[in-house]
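Here come two complexes built around subunit A, the first alongside subunit B, the second alongside subunit C.
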Partner chain A sequence: MSLSGVLRKLPSFNAIHCHLNFVGRIARQQPYSMYQPFVKEPTYNIEKLEQLIESGEAKKREFVPVKAARSDQNVSVFHDELTSKFINMVMEKGHKEIATKLVETAYMKIKQMQLAKYYKATTDAERAEIELNPIVIFHKALENCKPVLQLTPIKRGGATYQVPIPITENRARFLAMKWMILESREKERKVHFPERLAYELLDAFNNTGKVVKRKQDLHKQCETNRAYAHYRWG
Partner chain B sequence: MPITETITDTFRTNELDPMNHRKDHDGRFYSISQSVKKQLFTGGGLPKEYKELSETLNGLSIMVRKPAIELITYLNKTNFDAPVTRYVLYGKTGSGKSISLAHILHYGSNAGMVLVHVPWVPNWVRFPKGCTPSVIHPNMYDHPIESVEWLRHFSTQNGLLMQKLELKTTETYTWSKREMTAAGSPLSELIDLGMNRAKYATDCVAALLGELKKAAVSKRCRVLVVIDGFNAFFSPRSKVQREDKSIVLPTEFVLTDAFLSLTRNDWTNGAIVVSVDASALPLELRESPLPRYQLGKQGFEHLDPFIPIEVPNYSEKEFHSQIDYYIERNWLQQPKARTDRGRAELSFTSGNHPLSLMKLVAPY
Partner chain C sequence: MAVLRELVVFPSKCLRGVRSYFLSAPLFQNGFLKLNESVSKDGHALDLEQSDTKKISKAMKSYMERAKIHDNFIKQQLHEYNIGKRHLANMMGKDPEFFTQADVDEAIRYLFPSGLFDPRARPMMKHPDEIYPKRKAAEFDVNGRPYHSLFYTSKPNYYTLMHDLAVKFKQLDRHEDKIISRGIQDQKPTELFLFGSEWIPKQKVENVLLETLTDAQYENLIKTFERFSQHPYSALEKDFIMQFRRQLAAQVEIQQVPELMRDESGRPYMTYNTRRKTSNAAVKVIGQGTGVISINGNDIHFFQREQDKKQIIFPLQFSDMLGKVDVVATVDGCGTSAQSGAIRLGISMCLRSFVNAETIERMRLAGLLSFDPRTRERKKPGQAGAREKFTWKKR
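Showing the complex of A and B:
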């Protein structure tokens, strides 16, 4: 049997029909991964690899099977995992190049806008306050947009209530990115996506703007519905 | 950054006068003041992305590179009594030809030469704003709007110099039954007429170029001709169509005739610096960046003999200088990219190609 046969498995139909007996009914399905569970994710960060070799961890991992690297996983100095995830979410119909270009243009515009402020500033103190690195701005903006609770519909006695429940890290990150992208796609197309995204990211970095407002609206809803919180457990 | 600041970085030079740029300035940036930039480049001359980047980075700084230094040395040593020498800058698209031409333009301005500058010829061939059949020349076409713009560009670049030189026309130009420019009238009158009357603007341009040629020969002024994308004059097609939808070739433009006559080596006391670029021609003709291929038979026979000057990719010194500049101006933000490993990666992925490097560094 070939190596790929050992590592991969046939698609199991159980994954699709799996319900967990959860009152909250968050259908957490098994991933659609074609790999067996024991196959590990690749480490493609050069610094991490060097650390592993130094500490001796690498020796232990020599014969552990590893998944194939994806096309966007690389050792470039410009590689950022969060940006990769974001680009994937921006992408439509598999046009990765266009998505990358859009996000990179947005980063460039962020730099342009911040540099304009920087060169206008007169004192060193003012200049020190201005953040110029677009990736730092992107990370902070996403942090500011991540909700802490989410609402889920729960049926009780014929009525469906929106019940506040805790949110996982991944879901929070997903919602932040999704809202960011939706706000940047406006109905009137005169201002294109990269420019809008740049404005939204800068606003979110300063804890203002539409996306942060959306998060705060969600939190307010959760607060008003706190009476139903016990419905989570029936 | 104000120019009076003492510059200690090795990638910059204090020498702001292009006439003094020599081999040891290779790979160093010199800044061009806002007033000079406004005077020389308002009508074009700097590539669009480069211009935007210079505005973002708070000041236009041009890297002194070997092609420009070579040209400056030649121009400083030229025997202006001999027929004009033609220099052709060639190289891959995005290797820095337009910037080298901009550098030479600054040199010419400082050297007191009258600048005849065409920022980008394909604009006249591929995106004409309304060509009309010429009245004076049968079967040829005018560019009324572009000629007015060019005359404006010429007077911005040479305004002060023309006032000082006080050149006069040598022959009478009759525009119509009632309008004429008499011999001996100042050239500024000719330029003003062209700027105000779009109908006659193209012929004004042709007349102006003829007058400058004569003025140069009679030693009243020294002329520097700088043309970017010269091979577009010999392009096999243009966007101008006749009523029967047949395509008008660029050689049938009056402007082409005027500039080709100026770039012939039948006059003295001047210099002609021209660039040929693959992006100036249609897609099928972009196989090779070399002058003979880009100019075609007609263009080559027109320009032959010329001195070809290659504009190559960055050398290692120039590459590091460019990265230093980006870091100092806070354009290259990623901390990892500023390390040796980052520089090696940028050098490899861009292939030391100036335009590719600019595009790679832009988002980060």
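Showing the complex of A and C:
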């Protein structure tokens, strides 16, 4: 094989591999999907759009059709992608208005509690430390709840082992949100969901509370099962 | 000794012979797109019939019979076509000598009016070349020996193309080696000339090669081309690659932006009718406004849900036209989400006439100018819903 052949062996292999994936995606098209597989997702966020144009990716998309923006996507200053995702997870049986109201009430509670703390504080230094924006608190709280490892059952020699494996960004976000909702839904008299959610979010923001503990428990379990980690391969 | 030397020389000679023929084949010299012309060489194949009648193989004989029948048939069709054309010209009162295909179509449309929906089902009169598929000329000589070394693959043109690609790949590799050995390494990946075009579909490849391909073969060809075009020096073979690519139109150019209209008071306006799910919306966006929004006679509070109100504002805010235009919309059918979605598309489409091309492209990337085709999925028989199954336990 020529020198350049050897040099290009790896990237060209990757190219073929990518292409095979691409072909596979066409074959495994979602049944009843209204869009063709090559149609791109919309980029409605103005900052992201700016990035898209700067990186030159927008130039390439000139020739590709784009999906219509969803009905919960907009450029309002109050719009937050993560929050709308969370609202969808809180939602039951399609009652989106109720879910939105619950989450927004929780935000309001957080704001009230933080403001109360803010006014109680005497010095400017103390006040500067208190975060007043509930959306920032929510983002930080979720970040604190995201696990980095998870356990998956793998069968080896007749026995099933709980094997720790790395977790994807999507799955980590899902677990954090799920735990947050489950902890907030625990029945307790006279404390309703929004209030509990507000407490949980504030706790998680400070890296304490049940949800963070749940994450740490999972990490601990992964730590004890680290001997099985090699079962992931082979 | 002489015999031995000949034995040694023979294989290499033989190979060289095949190779040189292979390269001098008309296919390679004239490029692939001229393959269609090989049909006209039918006559040349038939000349052999008169000159050498002694040693004709069975394959050639049957081919010549078939070619003769086909030739006569096409001749007959052409004759009928020409006569028909003259008749039509006389009927339409025009000069038969200058009667074109466009005139024929017009005459047919006038003389044989059809209520059929599908254009292909309506009466027509076309040149036989357009109606009857072209055939390959004889691929073997009078002795039944094929001209082409890849004849027995049954798809010689396809495999020649693949072989040609491999040869060119090696040439590029050699070129790259040369460049590297000289110590020049500033070649950029040449993705540029592929920009805005795509590989031609299977049907077109088949027309070029005059051979039917399987899906797997087409996929293989495209994969090979893809790899070939990713070679850092593929720009050297640009012309060759571009024969198998076709230009794409930019998405913005596909949708024509209509000119603004003026009402009695001289204010510019634009209208658009659209739908989403089963709701219909008629939207009118009026320029030089103050941001008044009217939906079915109400203001924006026609929608009670905040999400719907935000949907109405979305395109206006995105294109920075909030407070500069008035919106008048009527909407009916379906739920509030679909209604607001329909109005959103209507407003975005109208706003195209008010903003510059750059903003239109940004709106397109944000998914504001796309029709949302998603609708309720039907319930399936034997299932509880569209996807949900009935509860079922084996025992």
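Here, the second predicted complex is superposed on the first by the 181 of 234 C-alpha atoms of A that agree within 3 Å, B and C clash if a C-alpha of one lies under 4 Å from a C-alpha of the other, contacts with A are read in each partner's own complex, and residues count from 1 in each chain.
Please note the rule applied: contacts are C-beta pairs under 8 Å (C-beta built on N, C-alpha and C of every residue); 3 or more make two chains touch, one makes a residue touch a chain.
As the structure is a prediction and not an experimental result, all values here were calculated from the model.
Once the two complexes are laid over each other on the shared chain, residue contacts for A:Ser76 go to subunit B and to subunit C alike.
Once the two complexes are laid over each other on the shared chain, residue contacts for A:Tyr119 go to subunit B alone; subunit C is not touched. By the touch criterion defined above, A:Lys96 lies against subunit C but remains apart from subunit B after alignment on the C-alpha atoms of chain A. Of the two partner chains, neither subunit B nor subunit C is touched by A:Val191. Of the two partner chains, subunit B is the only one touched by A:Asn133; subunit C is not. Within the superposed three-chain arrangement, the count of touched residues of subunit A is higher for C, of the candidates subunit B and subunit C. Residue contacts after overlaying the shared chain place A:Leu182 against neither subunit B nor subunit C. When the two complexes are superposed on chain A, the residues of subunit A that touch both subunit B and subunit C are 46, 76.
Touching subunit A in their complex are the following residues of subunit B: 56-58, 330-331, 333-334, 336-337, 339, 341-342, 345, 349, 362-364.
Residues of subunit C that touch subunit A in their complex: 170, 173-174, 176-177, 180, 195-196, 219, 223, 226-227, 230-231, 248-252, 305-308, 310-311, 313-314, 317-318, 337, 340-341, 345, 361-362, 364-368, 370-375, 377, 386.
Contacts from subunit A toward subunit C in the complex involve residues 2-5, 8, 12, 15-16, 19, 23, 32, 34-35, 41-44, 46, 49, 52-53, 58, 60-69, 71-76, 79, 96-97, 100. Taken in their complex, subunit A has these residues touching subunit B: 46, 76-78, 103-105, 107-108, 111-112, 115-116, 118-119, 132-135.
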